[in-house]
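Please find one structure pasted underneath; my questions will follow.
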Amino acid sequence: MYSLIEELYPICRSITGNGVRETLDRLKRVVPIEIHEVSSGSKVFDWTVPLEWNIRDAYVKNSQGERVIDFRKSNLHVLNYSVPVREKMRLDELKPHLFTMPDRPDWIPYRTSYYKKNWGFCLSHNALLGLADGEYEVCIDSSLESGNLTYGEFFIPGETTDQILVSTHICHPSLANDNLSGIAIASHLAAHLAKTSNKYSYRFVFAPGTIGAITWLSKNESAAKRIKHGLVLAGLGDSGPLSYKRSRRGDSEIDRVAAHVLRLLGEKVQILEFSPYGYDERQYCSPGFNLAVGRLSRTPHGTFPEYHTSADNLGFVSSQALGESFSTCLSIFSILERDATFLNTNPKCEPQLGERGLYRMMGGTSGDNTSEMAMLWTLNLSDGTYSLLDIAERAQLKFDAIYNAAVALQQSGLLKPVASESDRPGQGA
Amino acid sequence: MYSLIEELYPICRSITGNGVRETLDRLKRVVPIEIHEVSSGSKVFDWTVPLEWNIRDAYVKNSQGERVIDFRKSNLHVLNYSVPVREKMRLDELKPHLFTMPDRPDWIPYRTSYYKKNWGFCLSHNALLGLADGEYEVCIDSSLESGNLTYGEFFIPGETTDQILVSTHICHPSLANDNLSGIAIASHLAAHLAKTSNKYSYRFVFAPGTIGAITWLSKNESAAKRIKHGLVLAGLGDSGPLSYKRSRRGDSEIDRVAAHVLRLLGEKVQILEFSPYGYDERQYCSPGFNLAVGRLSRTPHGTFPEYHTSADNLGFVSSQALGESFSTCLSIFSILERDATFLNTNPKCEPQLGERGLYRMMGGTSGDNTSEMAMLWTLNLSDGTYSLLDIAERAQLKFDAIYNAAVALQQSGLLKPVASESDRPGQGA
Amino acid sequence: MYSLIEELYPICRSITGNGVRETLDRLKRVVPIEIHEVSSGSKVFDWTVPLEWNIRDAYVKNSQGERVIDFRKSNLHVLNYSVPVREKMRLDELKPHLFTMPDRPDWIPYRTSYYKKNWGFCLSHNALLGLADGEYEVCIDSSLESGNLTYGEFFIPGETTDQILVSTHICHPSLANDNLSGIAIASHLAAHLAKTSNKYSYRFVFAPGTIGAITWLSKNESAAKRIKHGLVLAGLGDSGPLSYKRSRRGDSEIDRVAAHVLRLLGEKVQILEFSPYGYDERQYCSPGFNLAVGRLSRTPHGTFPEYHTSADNLGFVSSQALGESFSTCLSIFSILERDATFLNTNPKCEPQLGERGLYRMMGGTSGDNTSEMAMLWTLNLSDGTYSLLDIAERAQLKFDAIYNAAVALQQSGLLKPVASESDRPGQGA
């Protein structure tokens, strides 16, 4: 995953344009993503697909003809979605178009102006201080023209048509954690799950932030109804602990599963309440959809200084963090895949586990009995109202312990699956 | 308000009699209170309106003819509701009729005997110690005769017939905080609200404690059904932090609004659970009414040493405390007036706020965005089940921020009011 | 109770056999227990009543013919349910049949092998270390033959057929706390309650652990439906603080009552969540029964080092601890007996308590008013949805204070009982 990030890092992405196409093309080498183009001007709910933006070059040259700001060195130097410009101007005329971070004088900020026509350059504050008065040649060789918004999709059919959504934003230029990390993990998850046999169908959406998710939802309103659980993946490569932001529903199964998995990783993980700010969970959790979609990140966006700056570079992400994030996603999906509700076939008193080889043979000892406790809990609560996850939560045991107990008990005929979810009596939260 | 308290302070009030009439007459200069008289012997639920008590003078004279206890110096000197007496007696005969506070030897206690015929004098413990043996002339020039119980009422019609009740007890003689403070604030609230245009109708009740509230409820059973929210005002002039005592329901809208407003005042405020002891919330929250009526006070009654003593005097209350109490009441009413439930007209994905001038124009920054957050929360939760107060609580933002967001969003056509409360789906609290 | 424990201590009990019969016979001197025999091989739910085990003697003799392990010194020396054996063998052949506790080298462990045919001896680790190599004569003079499982039952009819179950396990040999303490307390509770007049019927079950409770439930499925509340009594004689383990339901009336009573005993008591491990609450709380049966213990089983060892002896239990446990049971039953729901006959405003002699006569004081507070709470909440226990919990007062208030109020005609539970409107937890 790290090498994929290295390869994608130099590309200048935006919410539309060839950078996005190039990125999705590269991902096709991981999984055969289907690419969709939606033309500029298309109405998508309250929004309109914008003009397509492309850029070839951009610079500010001083009077000696030296590029003092150079797009070729970092695509962050250009205010994303800058309209074309080719002018000469004095520094004081140029300054309103220059963006810096005085408190981080060596870093280049990342700025955009998608919905207001503007142009500008981003540079380090120290570089700004080094600019002499005088005349500068300003060039942004971009185009903002009717074209398309591009997004990618990958679908893995499962035993059921109920879907798990994985959505990740692809619109940021050279920012490694935000969000090449999400792109790398999502594509490799897709490759992994395409090789396994799954209960759920999986739908991966690689789309520009906000407008891309809105466009996808607009084109897939009925498909969205099949989404039972979902994760937005963003910022998964930094060295901070994992964090999970709950869906608007707050206590949906994905919320409970993610909290269960993260808690096993230790004390430092964060379980964050929903808020209507952040990444594309904002759209999936808008009231007209209210999907059970949470967000998995490491350090939450906006709370680390490198956020949206040139310091979110290849050194800011690590293979180790990517690996843990990847396996956490798989753990979450694995619980969703395996959670089920059973009926104890022998509900009156305990069954004789010993006779079935499921119990230690000598009474009176008090040694390790985690698996016995898991069996006892699973038998005790399998009255058709508790799922395995419910049992794990009440028993304060790992889901895997409860699941393994359920497998053993089912093999012994002591549990049978509840025929379908609709047979399951309601259980108060 | 402070000067009104100064004026009312010397009057000898009780649960009936001319002191109450004089007090209500004085309040007419603030608002045109309607005065009601209910005759002695009237049945009011389980109670009977008592005989009317009036007092002209009272004293204990020593053998030199000097007034050693003198009603003219403080009306607290007389056990309230004392029957007339005119006798000569030795100190040891008098002593069972003398009440002091040995632990606060300079203060005169306030005592009553409304429902058991008795007479007596209250005095400082030091004064008692100074009484020489010998014969004393005892005089209480009072009358306890068939008459009336007097209460005042002031009604401000609003756009709807749903009412907010403000109730305050008027039966205490020279006690400044308990409850001239409540009387002063209630009358000035009435004067203020009479000049504004309100959604709710407001009903102010100025009545003697317990028997007065019982009498009012007994005469206004059907009006009480229109009371949606209410506040008992008592003890609002001392220097302690504000406290709110929840209604019996515990989580009614007035309870949540008062808690919301008080919490903005800082750490020291107290939100007290309901108990069936205290002021007239006892009657409004009796199970046959169970009204959403809480109580606003500063330091709760009975928890400050000056309570029911001569030390609850004009120096114990301040204009500053009265002012804060007054504005807190207005803040509470203001939220009740403005709370409403809306529907997001564009519930699928976020609407494009920027296009409507509702959003910062440059992406990528992470500056102050309180008002944007308020808009996002309001849009996200306005599905017809969350009121603005519900949204403020979940978002942990100020009601005013949410309200202002809702106003802006409604002006932009992004919110519309839910037609009526009955259209609003139930939301589990 | 302590002397009963002393008398029962030497008997070698097991899940079947004459030790159990002898124990129950002895209890008949306390209460006329009815003894039931269920023959070996009977199916009881998933289980089969095992062969009956009896033992006359057991020993290991060294080459000098000395009993180095002697059943006559402690019945714990024999692995409970050992099959007969009479052999000579070398120490290394014997060792797999010897059980010790290396970390408590002076104590004999208690071990059983009910459901797997085996034989063995338990001894102190120091005694094991003292065994010289050489040949030993091994004898277990036991029988494992078709016979019966024995349990005792005692029923006390009450005014209603709703029952309170008291269940205690009787299968352990010389272990004082586990569970002669439970046996002693249960039998004396039975003797006590047989002499009083009760609302509930009481059913006492003295049965071997697990298989005994399963057998009883199997034979009494319809009787079990009448069990409204129940307690498993076990480990009630040690010096630790009392603990109550909730039923599977978690918030049933017995759970709330036991928590209420225990909290009055101070800080150290423990209220434990249900788990499907422990004593016979496992069976009563199996999902097919899900009875409101909790468990009262002192230090929970398995959490004290003496558990299931020879150190759980007569010195480990005390009369004082037994007495407190006994009176706690009675306090729990007493609340269950007296809990009821009333209607305030005068629900609109407070009734005039003073007129009825229920209230202090002089207003203005703020002395002790616990009983007045209890009356005010009882009147305020007696709307047919709150039981006296509910009121005590919300008022944070003792049940007895609320009960006494209710008695006084009922005598004054201010409360009337709700006709029956089915008249009582549901109250959300």
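The letters A, B and C name the chains in turn, as written, and every chain counts its residues from 1.
In this section, a contact is a pair of C-beta atoms (placed from the backbone, for glycine too) under 8 Å apart; a residue touches a chain by one contact, two chains touch by 3 or more.
What you see is a predicted model; the values in this text were computed from it and never measured.
A.B. asks: If I list every residue number at the interface of chain A and chain C, are over half of them used by both copies, so same, or under half, so different?
C.D. replies: different
A.B. asks: How much rotation, in degrees rounded to the nearest 5, is required to superimpose chain B onto chain C on the basis of Cα coordinates?
C.D. replies: Rotating chain B by 120 degrees superposes it on chain C.
A.B. asks: Nearest whole angstrom, what separates the Cα centre of chain A from the Cα centre of chain C?
C.D. replies: 53
A.B. asks: Two or more other chains touching the same residue: where does that happen in chain C?
C.D. replies: Residue numbers touching two or more other chains: none in chain C.
A.B. asks: Which chain A residues qualify as touching chain B in the complex?
C.D. replies: 44-47, 80, 109-116, 118, 210, 213-214, 217-218, 221, 248, 275-277, 282-283, 285-290, 302, 307-308
A.B. asks: Along chain C, where are the residues that touch chain B in the complex?
C.D. replies: Listed in rising order, the residues are 344, 346-352, 354-355, 361-366, 369, 373, 376-377, 379-383, 395.
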